[in-house]
Amino acid sequence: MKTDTKKGFGPSRREFLKTSTAAMAASGMGGLSAFVASPAFANGFAPGMTGGPTGFEGAERFQYNNTMSEGRAIEGIKALQAAGKAPKKISMLLTDGAIGQITKPFPDGAPSAKEVWEKETGIEIDIIGAPAEDIFKKVMQDVTTGDGTFDIYTGPWNSTGDLVSSGGAVNCSDFVAKYQPDWGDSERGTPTPEMEQLLYTYAGDYYSFSLDGDFQTWFYLKGIYEREDVQEAFMKETGHALTTPNTWEEVDRISEFFTGKDFGHGTMYGNGNLMSPFWGLATFYARFASMDFPNYHFFDEDGNPNLNSDLGIQCAEEHVRSFEWCPPDALTFTWAEAYAAMWNLQIPHTAIYTNLVKFGDGYNPDGTAKSKATGMIGSHLPVGRQFGDQINRRSVLYYHITAWISSKSDYPEAVYLFLQWLSSTRTYTWMAGNPGGYFDPMQQANFKEPLVASTYHDYAMETIPATIARSVPSINFAGQTALDNALDEEIQAAITGQKTAREAMDAAQKKWERIIKRQKRNGIVEAIQASRKTWPTIVDPA
Amino acid sequence: MSSIQINNVTKRFGDFTAVEDMCLDIEEGEFVALLGPSGCGKTTTMNMIAGLEDVTEGSILFDGQDLSGTKIQDRNIGFVFQNYAIFTHLSVYKNLSYGLEVKKVDKAEIDRRVKAMADRMSISHRLDQPASSLSVNEMQKLAIGRSAIVEPRIFLLDEPLSNLDAGFRAYMRAELKVLQHEFGQTMIYVTHDQIEAMSLADKIAIIDQGKLMQYGSPLEIYNNPANRFVANFVGSPRMNLIDGELREERGTLRLMVHGGAEIPLSGQVRSEFSSDTKVHSGSFGIRPQDIYFGARRAEDDIEMHGTVEVLERVGPKRLVYLQVLETMFLAIDDQDQLNVGDEVPFYMPPAKSLAFDLASGRRLGG
Amino acid sequence: MTDIPTPASQTTQSEKRKGYWATVARDGQKMGFWFILPTMLLLLFIVVFPLLMQLYLSVTWWTPLEGIPWYRAWEVFSWGENYWFLLTDPRLWGALWRTVVIMGIAVPIQFFLGMALAYLFVDKFPGRKIFYSIMLTPMMVVPAVVGLMFFLLFQGTGPVNDHLGLPADFSWLTDVNRAMISVIIADIWQWTPLMFLILLAGMLGVPSDQLLAARLLGGSNWQNFLKIVLPRMKTVIIIALVLRAVECFKIFDLIFIMTKGGPGVQTETISLFLYKQTFGELEWAYVAAIGLTILFVLSVIAAKGLSYMAKKNG
Amino acid sequence: MKVSPGALALKYVFVLLAAAVVLYPLLWMVTMAFKPYPEWTTVSGLTWFPKNPTLQNFEFIFYGEAEGLVVSLDRTIVGPLISSLVTSICGTLLAVVSGTLASYAVVRFGLAQSLPLSVLQLRLFPPLAVMIPVMVMWAFIGAVDTWWGLSLIYGIVTLPFAFWLMKTFFEEVPVEIEDAARVSGCSYWRVFYRITLPIVKPGLATCALFVFILNWSDYLLALLLTQKDWVTLPVYMATLTSAMGGQMYGMKAALGVIAAIPPVVFGLMIQKHLVRGLTFGALKQ
C-alpha cells in the first residue's frame, strides 16, 4: 500500500511532539503524558457535553452527551461495567491502512479516537492489523477454526452475507433498539433510510457497522481538461467539446482521445478505471447497472443471472474494449497504483475510492505538494446512459470497510457499544477527517465538516453525497465471494483475450447458476430479491 | 613402450619431504620394483611417474621427453590400482572397452581387442556380467587387462597382489611375469613385499624415507647390499646385524657388542672395517644360512660360542636362535644335530660377512 | 565412553524398581511398544480423524456459509459432484499447471547449477571451507524471509532495477510474466544450495581411484564425468530431484509473501489455490475433495516409485 | 592432483561469482536493516553500505517507535519472538523425544517395520491439502492460537525428520556394545539410557538443532493455527510487511535479519550432518 507511507514521514516524531505539546500547552493541557490523566480534561468540553475529543479548535463539534449516540454508548458501557458485564479489553481485527485513523491523534493537539475511548471507559482497544485484500480470509479463519480471538472483525461490506450465514457475526438488532445509534439520522446520518438498511443490516437485521465510504466516485484532471490546447485538440478529433462526461459513451470517447497523447506530462492513457482482478469488478458492475432504465440488475426477479443477456454481453464487450486505453500493467493495479497513475498525470479520469484526493491533492505539512496533480483534480457525478431525456447515473458500492461483532466474543453488548460509539456521526466525522487512514466519509454530517472538507477537498463535498445517492450495491449476500470470483475470472479471461466477451459471459452465467442452485436452500433468491429493492431509482435530466 | 629417467626428483608436501633427490634409470622393457616399507615414498614416486602428483624439483623423462606439461589423459600410462578401481557400475566388457571407447576407436576393432584381452586374461565367460559380480581374483585380471588393452607406454602396478589370497597370489606372481614378457612393456611395480620384488623384478629400487637406498638386480641387492638398511630389509630370514664398538686389542680387531659379546674380526671383513679409520662403531652382518656348525672350514672363519635358545622348523631346515651373552644370532641348522640348551661353537666366514658403519649405515670396504 | 554397569549394581537397581515397569525394562518387545507408542499416537491423531473428516466433507457441498456445523454436512450430500467438478475446474488446473511450470523450470536449473557447483567444490582448493559455508547459507534462511528479501530486491525502486539500469517503473512482482520469473529466481536462489549439498556428497562418494583410472585410460574429464561420475551418482541424483520436486510442489511461503499468487492468478500454485479456496471462496467440501485427490495421486506415485526403486535395487 | 594456475583462476572466478549471487540478497537485507529512511530507494540513490548507519530500524521493531519517525507500531517484535522460541523449542522436544524412542524401537527391536515409510509420507503432501480437518480438530480441542497447539503440530510435522535422523544414528551404534552390556546384566531400559543414548548424544544434539531450524522456519502452519497471541516471527513479519506499506524497507529488513539469524547459525553448526538430515538419512557426508 503505497499510500500509507505518504503520511508516514512528515515531520520527525520529535518535531511532531514538540508542536503538539506546544498546542496543548497553549490550551492549558500540559504535556502529552500528563494529558490523559489531567483533571483539566473535563474542562475542555463545550457546555453541556460530557465526552469526546478535546484540545483543538472545533473539538466541540465532536463532543457529545447522553442524548447523543456516542453518549448513550458510553453510558451503556458504564452500566455494563457496574453490572460486571464489560471486558477489560476489546480486540479488533482491522485493515492495516485504517489503523492510524483510530490510533493517531488528529488534528494537532487532539487525542486519538482510541485514547478518548480508553479514557472515558477504561476499556483497552487492542488492534490487530491485516492486509485489506486478505482480511476476510483471516476473518473466516477465525470464524471457522478460531477460538474467540477477536471481538471485532472488519472487512469488505460485501462479505456481510457470507459472514452472517456462516454464523460468524452477532445480530445487533436488539442492541440497536436499546441504544439508538444515529446512523440513520435524517440530518447527520445516511441520506436515506434505504441506505441505512443497505449499510447496516442484512436480511432485515443489524449486523454491520459501516466505517467507510467506498462509493466509486469520478475524479478527473480539471487542470488538463480546461486547457485550451486540449479543448481544441478534442474538438478537432471528436467533433465534441471536452466536458465532464455524463454517459459511458462519453467516457469511452474521452478515454480513446487521451490514450497515447502527451500534454507535457508524459504519455497519457485514457482509461484510469480499475480493471484488475478483484478491484476491477467495481468498474464492471457500475457499467452493468446502467445498461437499462432505470437499472439493469445482476439478477432478475427470480434470481436468474443476467450476465449473458444481450445487454450483459454488450456491457462486457464495452468493458473489454475500454481496456485498450489502460496504462501498462493496469491488470496488476490495486487502487494504490491507480491513485499513483492519476497523481502522476498519466490518466485523465477515474472512478475510484474517494481518498484518492485525501492522499494526493493538497499539501503536506512541510509545504510540498502531495503529488503532481495537486490543484488539478476535479470531481463529477457518476455516468450512466441516456434514455430519452433522462440519464440513469449509477455508481457502485464495493469493498467498504465494515465491522462486525464476532459471535465468539464474550461481551457482545460492550463490543457493540464501542462500535456504536466509533461509527456514530460525531466520532466518525472526526475520524473521517483524519489522514491517518482510509475510512472515507459517507454520512451527511461528514460532508458538512470543515475538517473532512480540508482533507477531501471542497469539490468532492457535493459529488460524493450525490454519488452515494446514485450507487447500487455490488453483490452482498451469502455466496458473494464465490459469485464475485467466478465473474472476475471470466472477465479477466475476456480482457486478456483468452475468450470473447460472449464466451466469458456464457461461462460466468453457468457458474453463477450453479452457485445459485446450490445456495437456494439458504435463501439466496430471497436475498437477491431483497438486494434488488435497495437499488436507487433516482434519474437525472439529460 | 619407453625408457624412463628419473632425474634428481624431489617431492615436498608442505614441510614434509616425501621423496628426496631420487635418480632412477629404467631401461625400455624392464620390470622394476619399487620396494620399501610403507610410507617410504615409493607410491609417491610412482604417482609422480604416472603424473598424478607434480614433481617439486627435478624431472622425469620418458624416452628423453618430459611429460610434465601433458595431461594425465594423454600420457598413455597403464596403472593398476591396489584395489583395482574397477568400474563396478559397468559390465566387464564395458570396463575393458572403456579406454578404447574414449579414444573413439572403431566399434569392430574394440570388440576384437576386448575379446582377445578377455581370452588372454581368461575372463571371457564373464564379459556380459556386471563387474561388481567378479571375485577379487577376477577383478585383478580385469584391472590388468583394462590397462593393457590400450597398450600403454609403461605399466604401473600399485601393490597389485596385496589383496589376493595366498594361493592366487603365487599364481598371479608367475602370471605377471609371463604377461610382462608378452607385453614386453616397461613395468614399474610398487610393493612392500621383498619376496615379490625379488621373484618378479629385473631390477629393484629400494627406498627408505624418501631416499633411494639401492638400485640393482635382485641378486646384486641380495648379495651386495649397499647399506645396512638394504641388508636388513632384503632377505628372509633376515640377516644378522650385530652392532658394537670396534676395538683393537693385542693385534685383533674386535666388535664389542653391548652386553658383553665380542666378535673377533678377521680376514676380509676385518680389512673392510678398518678401511675407514674414522669409523669407531660398526655393524657386522651375516646371513643366517652362512653361519655353520661343526668343523671349521677355513682358517680365518670367525668362531663364536652360543647357547641354543630356540629351534624353529622351517621345512627341511631349522632356524637356530643362538644366545651369546645378551646378543642373539640367527643361524640355520640343516643337519638336525642341535638341541635346545646345547652350548655350541659356530663359525662365520669373513668373506660372507658384511661391514657397515653404524652411524651412517654405509657399507664399508665392499 | 560409558561405563558398563556391573551386574552387582544392576541387580540392586532393578530390585528397587518393582512392578510393571520393571518387567518392561527387561523385555525388549514390551519396551519397544512403549517407545513406539507416542509416535503411533501422534500419527493416528493426525491421520485417522482428518482423513475420515476429509472423506466425509468431500462428498457434500458443505461450506462454512451453510449455517450448519460440519458434522451435519450430510444434509447437503452431493455425491461425487466435487470430484467431477475438479476435473473441469480451469482454475485448479491452471494452478496445477503453474506449479508444474515452476517445478519444471526451477528444479532442473537448481539441478544443473547444483551440479556445476558441486563440480567446482569436489576438489580441494584454498578457501573451500569458507565458500562452502557461504554457498549453504540460502537454504538455512527462513523461506518467508527469503520471500521478504526478494520482495525488497524486486521493488521498482529496489537494487535489482538500479543495478541493471532499469527504470523504477519496470515492475517485477506485479508484471504478468516477470512475477513468475521473480518467484522462480527466488526459489532457485534458496534451493540450489540443497542440490549442491546433496550432489556434492554424492560426487565425493565416487571413488577417487576409479576416476583416476578413467583418466589414465585416456578419458577426457567430460567423458569420465558422463560415464563414471554420473552413473555412480544415480541414486543421489534421484534423491535430490525427488526431494526438490516434492518440496517445490508444496511451495507456498515464498510466493505468498512475494506476490500472494498475483498479479491475478499468474503465480497461483496449488498451495495458494487451496489456501484461497479455503479462506476466500470457503469451498471447504471442494478443498477436501481436491486434498483427497492429491493425497491419492501422490500416494500412488510414491508407491510406484518405491516399488520401482526396490525392483531396481534388487 | 595437478591443477594448472589458469584452471585454478577460472575456478575462483566461478566460485566468487556464485558466492556473490548468494550474498547479494543477504547482504542487501543486512545493510538495508542499518540504513535510515532516505537511503532505502533509488529515489535518492542506492548504495551498498549505509552512508549514515543507524539502529533505528531495530529500535522501531523492538520499541514500536523510534527517534525521528512519526509512524509507530502497535505490536512489537517481542511477542512473536517469544512465541517463535517457545513453539519451536517445544515442538522440537516433542519431535525429538518421540522420534528418538520410536526409531530406537524400530532399529533395535525390529518393531513396526512399516513405520519409517509411514512417517515419511507425512512430508509428501502439501499441508494445505489436509489442513481443513486439522484446523477443525485444533479448534475443537481449543488449541488454536495457543503455544501448545502450535507446538503439537510442529512436533508432528517434524517428527519424520527426527525419526529418520535418529534412526541413522542408532544404526551406527554397534549392536555388540549393547549386547555386551546386556550380557553383564543390564536391563533393556538401562542399556538404552546409560549406554546407547550417551553414544548418540552428538547425534541427538544435531537432530534437535536440525528440527529446531525446521520449526523456526515454518510460516504456513502458524499462519493457519494462530491468530493473535501466539503469532510467530515469520507470520508477524509478513503481516507487518503490508501493514507498514510498500516502502518501509528498513524495518522489514531488520525483521528479516532477526528471523534469519538463528537458523543460519545453527545450520552452520550442524553443517556436517545437513545432508543426512535433509535426505532423511539416505545420504551421509
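The letters A, B, C and D name the chains in turn, as written, and every chain counts its residues from 1.
Note that a contact is a pair of C-beta atoms (placed from the backbone, for glycine too) under 8 Å apart; a residue touches a chain by one contact, two chains touch by 3 or more.
Worth saying up front: this structure is predicted, and the values here are computed from it rather than measured.
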Original post:
Which chains are shared contacts of chain A and chain D?
Top reply: C
Subject >> Chain separated most widely from chain D, comparing mean CA positions >> reply: B
**OP:** Could you give the separation in Å between the centres of chain B and chain C, each centre being the mean of its C-alpha atoms?
**Re:** 58
**OP:** For chain A and chain C, let me know how many angstrom lie between their CA-based centres, rounded off.
**Re:** 42
Original post:
When the centre of a chain is set as the mean of its C-alpha atoms, what distance in Å lies between chain B and chain D?
Top reply: 58
Original post:
Any idea how many Å lie between the Cα centroids of chain C and chain D?
Top reply: 14
**OP:** List, in ascending order, every residue of chain A touching at least 2 other chains.
**Re:** 138, 141, 144
Original post:
Which residues does chain B have that touch at least 2 chains other than itself?
Top reply: 52, 72
Original post:
Out of chain C, which residues touch more than one other chain, so two or more?
Top reply: 275, 284
Subject >> chain A - residues contacting chain C, complex >> reply: 133-134, 136-138, 140-141, 143-144, 162, 165-167, 276-277, 329, 331-332, 337, 478-479, 481-482, 485, 489, 492, 518-519, 521-522
Subject >> chain B contact footprint on chain C (complex, rising order) >> reply: 207, 209-210, 212-221, 223-224, 227-228, 231-232
Original post:
What does chain C use to touch chain A in their complex?
Top reply: 61, 63-67, 76, 90-91, 171, 174-176, 260, 262-265, 275-276, 279-284
Subject >> Residues of chain B touching chain C in the complex >> reply: 50, 52, 72-79, 81, 83, 85-87, 89-90, 98-99, 102-103, 146-147, 150
Original post:
Which chain C residues qualify as touching chain D in the complex?
Top reply: 2, 4-7, 10-11, 13-14, 22, 24-29, 31-36, 38-40, 42-43, 45-46, 49-51, 53-54, 57, 70, 116-117, 120-121, 123, 125, 127, 131-153, 155, 157-159, 161-162, 168, 189, 193-194, 197-198, 201-202, 204-205, 235-236, 239-240, 243, 246, 249-250, 252-253, 256-257, 270-271, 274-275, 278, 284, 287-288, 290-292, 294-295, 298-299, 302, 306
